[in-house]
Amino acid sequence: MVKRTFTILGGDLRSLKLTDLIREDGHIVNIFGFDSYDTASEIGISIESQKQDLGENHELESIIQGVDVVIGPLPCSNDNETINAPFHSKKIYINDVFKVMGKSQLFLAGKISSKIAHLAEVYNVYTIDILNREEMAVLNAIPTAEGALQIAMEEMQITLHDCNALVMGFGRVGKILGKMLHSLGANTFIEARKYSDIAWIKSYSYKPVLINDLEKHLPYMDVVFNTVPAMVLDEKRLDKLHKNCLIIDLASKPGGVDFEKAKALGLKVNWALSLPGKVAPITAAKFIKDTTYNILEELGV
Amino acid sequence: MVKRTFTILGGDLRSLKLTDLIREDGHIVNIFGFDSYDTASEIGISIESQKQDLGENHELESIIQGVDVVIGPLPCSNDNETINAPFHSKKIYINDVFKVMGKSQLFLAGKISSKIAHLAEVYNVYTIDILNREEMAVLNAIPTAEGALQIAMEEMQITLHDCNALVMGFGRVGKILGKMLHSLGANTFIEARKYSDIAWIKSYSYKPVLINDLEKHLPYMDVVFNTVPAMVLDEKRLDKLHKNCLIIDLASKPGGVDFEKAKALGLKVNWALSLPGKVAPITAAKFIKDTTYNILEELGV
Amino acid sequence: MVKRTFTILGGDLRSLKLTDLIREDGHIVNIFGFDSYDTASEIGISIESQKQDLGENHELESIIQGVDVVIGPLPCSNDNETINAPFHSKKIYINDVFKVMGKSQLFLAGKISSKIAHLAEVYNVYTIDILNREEMAVLNAIPTAEGALQIAMEEMQITLHDCNALVMGFGRVGKILGKMLHSLGANTFIEARKYSDIAWIKSYSYKPVLINDLEKHLPYMDVVFNTVPAMVLDEKRLDKLHKNCLIIDLASKPGGVDFEKAKALGLKVNWALSLPGKVAPITAAKFIKDTTYNILEELGV
Amino acid sequence: MVKRTFTILGGDLRSLKLTDLIREDGHIVNIFGFDSYDTASEIGISIESQKQDLGENHELESIIQGVDVVIGPLPCSNDNETINAPFHSKKIYINDVFKVMGKSQLFLAGKISSKIAHLAEVYNVYTIDILNREEMAVLNAIPTAEGALQIAMEEMQITLHDCNALVMGFGRVGKILGKMLHSLGANTFIEARKYSDIAWIKSYSYKPVLINDLEKHLPYMDVVFNTVPAMVLDEKRLDKLHKNCLIIDLASKPGGVDFEKAKALGLKVNWALSLPGKVAPITAAKFIKDTTYNILEELGV
């Protein structure tokens, strides 16, 4: 592999770990945006980087100029103006970053909003949204599904083995979560709308539930995992659930559960977002690395 | 379910079994195109139908008129002129069938060629190709994959358990075959071209082989299953295989193996086509029934 | 099934749930030993029993006399004198229980010590230790294994999927834990001493590690689960582990890890005991019920 | 590993393959008992051995003297007098073999009868029956189970996927066959007598059938695999089966099926014996090698 230079810019534990992982592959990696990060703290990420590496003594410009790739955080920004950098004491403005980037450099990050994309265009910076990459989305479904299992194990007083578990949706997370539940011995019901998905669900020996038949299955479920980003667990359906049924909503905002109604019914709902970075930051960093390499491979950089 | 009337027209054992299955659900089913079928023969399909039902004493017109659905064979025809009816002594012309069909009737069959589709248009007959239905294609991948396993078991002098098995392609058959091989304990390598497929393959714990890395894995394989309808096992790649490696080509014509070269190299190649009807005609009939019902459900017939 | 009468005596949440489960099957169940249990509390066990049932207003004698079976707690006692009854304000002496039991009555409980067994003999009471039943031990391995997975998920910053996990021992917990890890996609190494166990481990497609080869695998492990009740992770072996490796010891006292040495090495060790009652009390109660019924079936009671 | 010398004596394809496998590990191996074996024949075993190795030009004595281990066939003999040597034109008398063996030499073979064992004692020859080794029995269950699947696939007109399959007995073959059926998507019922086996069956998510409940499940089965060496499928039970149900009897003589009654009922029965040598001779040879090495390791030879 060609030896390349990277600058990791801001982000959370995943960015720190990513630094180590890319260095281990023999590349040169700068890191910036961690001046308030306490390397002595017990957070489990083994950060080999020296304190002086973490952004205190560097100018943004010097650390970006000349590198092949700048890797921003996932998500890139929370305000469309500054880089998402929870471990940095000062603000890092996105346009300060773009200003110093040249035409041959690549800017990668997660959730690059249309506003940021527009800014990049203005500054003539080439950006790629890592989270738009299909392989990244597939890989992220693994820690998401494991995190969902962990929550279910923590919240339920029965084993997943031999419980009745319903997964709503058969997309990326639904597929992997269904596989894991089934293989742990749960009676795994998967809801889908398309006949072809029902065929796939049968082929994997899960129990298919066509959306039209959903309501007759709801009363028997011990846990329902929603992966559909639409109001699928509305009042009418929540009403059918057993009062001890646990609901784990994995759908991004606005979620797929009528939370108020669920509360009124006394149902326990766990809305679990951004699981990969929370339950498995090291694995998540590895997936970012792999996807970054794929992008570079494809670009022939 | 609404009680409906069907006419099964021509076809092989699957059509006979389909007749029984639809009748068991309480519908009325005519069958035509089996006048030379020997009900006494030992073919394992339990045909409940009486000899007189099988098409000798009926006029085509009387048996089609008034029914809701006509189900032709899979494939519909081998010559674009007559219905594929291996158990019938006379020819059944497709235009004779279309001639007597009315506007409110539905004609289902497999592989309706553009020529037949054109004919249907001329006669104003509404046709649907069952094999174009995604759920049918997915379901058919199950007997295809099992049939491939059966061939591998028959031809190999080692167990699938702990053998090195490579599946080329991660489409419908690749996915299901990969699952089966892995779960039987084969070291299951799956070749794919897209990074997202590689991610899926990892998520299922199979061993991903990016197409670029294919050749370095080939020498260690005990069996290679091809599912890609393109010349993927060409001379160069065949040359890399161990002489005892078995090749099972599941790709439809023209196949994905350079058969002549393989023969010259002394490699054993098994080109296995149309497995569902051969290895599991009863299951295949059930899938045709399910897909037919899905079509009727969607049409609101 | 014959309608029988039971008295549940002391114990924890499992005993409460057991009461409900046996009642649901149509039997008569008394319960005693929960006078300080707050039914209003949010502990998730749906206790249908009325407050007055829980032992305040009853005499021990009246509640035991005439019932077919008395089911004590698991474990039966912590001091060999009184029934283990954490939710009761007064002491329940074992000899007070045995005194009022007749020859035709059966006393079931977990971990009936030799001292208690001797007492039972003195009072001519027929006892069976539920935890000595092989089926109970097998079933309890399910929540034990799930609890171990939950701890691993909580403590690790990587996914179980694709991690290197070692299970020491291939007994009941080792078998079920190995299956679960493998099916979640962990690279599952299982250590065993007997060649026949190695053969079983191969047959399930886990990676066998003969005890003699253990040390060369240790440095690569992300998590080690010990199920062997002997000092298997001694100083010499702990030294081989990576500093981020998590150790989960499932072996009952005195455990299988040199805890002090592990601490000195900075290794994270989690000694997880009595998981079934902690992680899945309702499932555990169901297993007690099933085993109780099996015992009665065998006795022809 | 210490370099050792072996003589392979008689046997079938497995013995030929065993010769190659042990040579590949760097040991010296003589082979005797294949003088009529046609190396040019297309039997798929790649026999590297030269024709002159196969026993024509050697004296039994010279080929045995001085070697560490003599490996006879599985089974050792069919008549208790001569070595089982289907590819040899002359008889090899067991006592001629034992006569020339010294005290420090080891004789391994399969099914060493009490008569042969007695003879060995007379000649002061140390023998070990490979088939009595637990790991060999476990490993052999793998090709046995695969062979049973192959037969089922060949004989049935439905897929194993989603069929109703019953395995009688939960010993070595029952466990591995159950795992394979379940993972291929069969509705896998396993019959057992012991409550602890029922618990194991549940833990693996197969459907347990206590022997007492067997008869109510029989009418729904598509295939029954018997592994129990006792008359478990007697007239009364055969009567309950559907006429299309396939029976595969894996139990050694006298089998576990009332064959005459089954024939009278028109049931298809396949009595499948000695599957490992038939369906996977190379794998079987590898297992013999592994077990041989284990024996030598244990003996410290």
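A, B, C and D label the chains in the order they appear, each numbered from 1.
The definition used in the following text is that a residue touches a chain if its C-beta (ideal position, glycine included) is under 8 Å from a C-beta of that chain, and two chains touch if they have at least 3 such contacts.
Keep in mind that what you see is a predicted model, and the values were worked out from it rather than measured.
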**Message:** Taking contact as defined at the start, I'd like the list of chains shared as neighbours by chain B and chain C.
**Reply:** A, D
**Prompt:** Which chain's centre, taken as the mean of its Cα atoms, is farthest from the centre of chain C?
**Reply:** B
**Request:** Looking only at C-beta pairs in contact, point me to the busier pair out of A-C and C-D.
**Result:** A-C
**Asked** From the C-alpha centre of chain A to that of chain D, how far is it in Å?
**Response** 50
**Asked** Taking each chain's centre as its mean C-alpha position, how far apart are chain C and chain D in Å?
**Response** 39
**Request:** Round to the nearest whole Å and give the separation of the Cα centres of chain A and chain C.
**Result:** 36
**Message:** Going by the contact rule already set, what residues in chain D reach two or more other chains?
**Reply:** 142, 161-162, 185, 202-204
**Fill in**
The chain C residues in contact with chain D across the complex are 133-139, 141-142, 176, 179, 194-196, 198-200, 202-204, 291, 294
**Asked** chain C touches which residues of chain A in the complex?
**Response** 13, 44-46, 142-143, 146-147, 149-150, 153-154, 156-162, 180, 183-185, 244, 279-283
**Prompt:** Which residues of chain D touch chain A in the complex?
**Reply:** 161-162, 185, 202-205
